[in-house]
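Take this structure first; my questions come after.
Per-chain numbering from 1; labels A, B, C and D assigned in written order.
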Amino acid sequence: MSYAGHMLDTYPRDFNVEAGVLATTMDALIECAQACTADADADLSEQNVAELVKCIRLCLDCADVCAATVRVASRQTEYDAGVTRPLLEACAATCKSCGDECEHHAQRHEHCRVCAEACRRCEQACRELLAAMLGWRRASSTVARRRPTAGGWSTCSLGRTFPRRLDWRAELSGLRTRCSRDCGGAWPVRAPWRRPPRAWPSD
Amino acid sequence: MSYAGHMLDTYPRDFNVEAGVLATTMDALIECAQACTADADADLSEQNVAELVKCIRLCLDCADVCAATVRVASRQTEYDAGVTRPLLEACAATCKSCGDECEHHAQRHEHCRVCAEACRRCEQACRELLAAMLGWRRASSTVARRRPTAGGWSTCSLGRTFPRRLDWRAELSGLRTRCSRDCGGAWPVRAPWRRPPRAWPSD
Amino acid sequence: MSYAGHMLDTYPRDFNVEAGVLATTMDALIECAQACTADADADLSEQNVAELVKCIRLCLDCADVCAATVRVASRQTEYDAGVTRPLLEACAATCKSCGDECEHHAQRHEHCRVCAEACRRCEQACRELLAAMLGWRRASSTVARRRPTAGGWSTCSLGRTFPRRLDWRAELSGLRTRCSRDCGGAWPVRAPWRRPPRAWPSD
Amino acid sequence: MSYAGHMLDTYPRDFNVEAGVLATTMDALIECAQACTADADADLSEQNVAELVKCIRLCLDCADVCAATVRVASRQTEYDAGVTRPLLEACAATCKSCGDECEHHAQRHEHCRVCAEACRRCEQACRELLAAMLGWRRASSTVARRRPTAGGWSTCSLGRTFPRRLDWRAELSGLRTRCSRDCGGAWPVRAPWRRPPRAWPSD
């Protein structure tokens, strides 16, 4: 697992969006920022640098925007969709422009081909995170009623309680979450992002 | 004049937007990034740090987004509105969120008051640059015909040529530009900032 | 006054170094980062871009290092000289390399001349802040005795107490600080910027 | 392989240091920057945030310094040891301070434990890259004579020429490099990474 995933895994509160989608996007952003920085530099080493000016410029932009976006996306505390959403949109647009330009040089320069690929993946990841953010919003009103009111416990579809942490671990592997008491009740896939209790009740 | 203005002043080609508006926005972005970094830190020094967590988080976001935006805005070469526009929108939205939050603490903490002010100014500057970018688009079809076909010379309203560079120097101080040969012809204030069309009409 | 100065002015605790020197350095770092970003871009617009590859590369480095350094220098809370000092040294070295390279192109390109100037100023400012940090260390043992034992109060040269905050406000405007009780006692201009010792002598 | 490795793999010229060491360091820097950004944020979510102020501050510093360092280390073109070396030293020092502080909270907060680990790895990686850079300097005078005079060809230990690119591909997988003509001549593992001398001996 990447450090982005590791750190999400240890975050003490609930997430604002599905952790798996978030970790994938963060990895894509980090890789794209790195690829763009390196591609701008590789372009500067080429004989035909004058033909690569647009590529250099967009790579520098893309590296800057991805670097800012991954920082904002790394912050879960006091999450503000009004900040994250337009930034992800700007990042996807930048990756699109940069990926298009890099692709023009992909035949001639292998580094541009690799960078174009990183841009495409990052654009896609940003759009998927945006979709997940919207999905979470839509789901929250209906799901909310079934959510626990106090910290530490969830209620399954049969009305029994179970430890919250199980949820999102299960969620990460794409499974539906289940009641920890194995009562057979299930929990809707999107529910599980609440923080587990520090001290666990012994019942 | 700030360094942002100095550097615009020495840029070897035409700009994609009015240089005065651009320089003002860049200064506002730089100041907002600085104020937010310092405000997050000042919050960490306060006794009631636990109440300032949202302020810290948004200040960190705002510093990152402003820093990326000023870098992108500093690049004139191979300008791509598809990158700059959504980023300015994201930056304005971030400044709005951060400014709102800082304002909540402005009564109690002077550093939050100063930071809120920097955020407001930056939000406003981003919106003005966005408007200027749109203005440029509208104007470009009519203005374009008056632009020079080759590098270095403009044609004044009396049809005489003069060095292009004079234009934008005059523009910076808010004056109408004038023909360098002192023929009496003037150039509309907004004209010199237009990007020359790729294919120049033969008239 | 710049925002860097404004924000230092509102910081709720003592500084670890003279605020005037710190504000000057922060402004120089911000300006150098801006000038280097713009100069790399202006280089990309030049006909002889292939000859400017080294200049572009060093400008990109210098912009990155200055941007990181100004962020670290903007943080006063839990100041750690073991972080700030080597970073300032690295920054001064980067400004030296970048300034040297920009100077090679200063005759031909005005943007390189302006950027070289920004690098020189920034290198100088970093070295002065380093010197001030060392000076603080030397001075702290003698000055410390005159510092307050608990938060919020200083002792003037006549031995009377007055609110600490007055000190540094006065300092910023270049005046000698004065006892708030108007007893006539003064405080040496440089004194208020010292960090209080962790363990305070009982005298 | 990480994108850092991929991009090094496609860089069109020789490196200034062993690519394997460089790729490892770049990955460690990226991961440390990410871990520190996330740890500062996780700290802000904790109940005892007031006790974590030093940890937050150092994590913010460390994220900024690592982010700048990985950008500089990603640039091979017109490499300047006078920039890279002090920056790596500053970065190692910052990782040391941050790692020490995170370790204090590792027992209580899992996110601090993971972050401390990332800091330790990054500090170690920076020091190894510094050592490799010094090693390159020592070796360069003897190795230089065996380097090609013009772009694209190396000379194997039997004196036959082969395409330069083969070298470092082999190097990346840890093998000794071989003459592309399969003459049986080998090239010392470390040789291909040396920077060619500016003026090549005429032998």
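Everything below uses one rule, namely that a residue touches a chain if its C-beta (ideal position, glycine included) is under 8 Å from a C-beta of that chain, and two chains touch if they have at least 3 such contacts.
Keep in mind it's a predicted model, so treat the numbers as computed, not measured.
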If you walk touching chains, what's the least steps from subunit A to subunit D? 1
C-D against B-C, pair bridged by the larger set of C-beta contacts: B-C
Greatest centre-to-centre gap (Cα means) from subunit C is with chain A
Round to the nearest whole Å and give the separation of the Cα centres of subunit C and subunit D. 30
State, to the nearest whole Å, the distance from the C-alpha centre of subunit A to the C-alpha centre of subunit C. 37
Separation of the C-alpha centres, subunit B versus subunit C, in whole Å, is 27
Which subunit C residues sit where two or more other chains touch them? 41, 44-45, 53, 57, 60, 67, 71, 75, 77-78
Going by the contact rule set out above, which residues of subunit C touch subunit D in the complex? 53-54, 57-58, 60-61, 64-65, 67-68, 71-72, 75, 77-78, 80, 82-83, 86-87, 89-90, 93-94, 96-97
In the complex with subunit D, residue positions of subunit B that touch it: 40-41, 44-45, 49-50, 53, 56-57, 60
Going by the contact rule at the top, pick out the subunit D residues touching subunit A in the complex. 2-4, 6-8, 10-13, 26, 30-31, 34-35, 37-39, 41-42, 44-46, 63, 67, 70-71, 74-78, 109-111, 113-115, 118
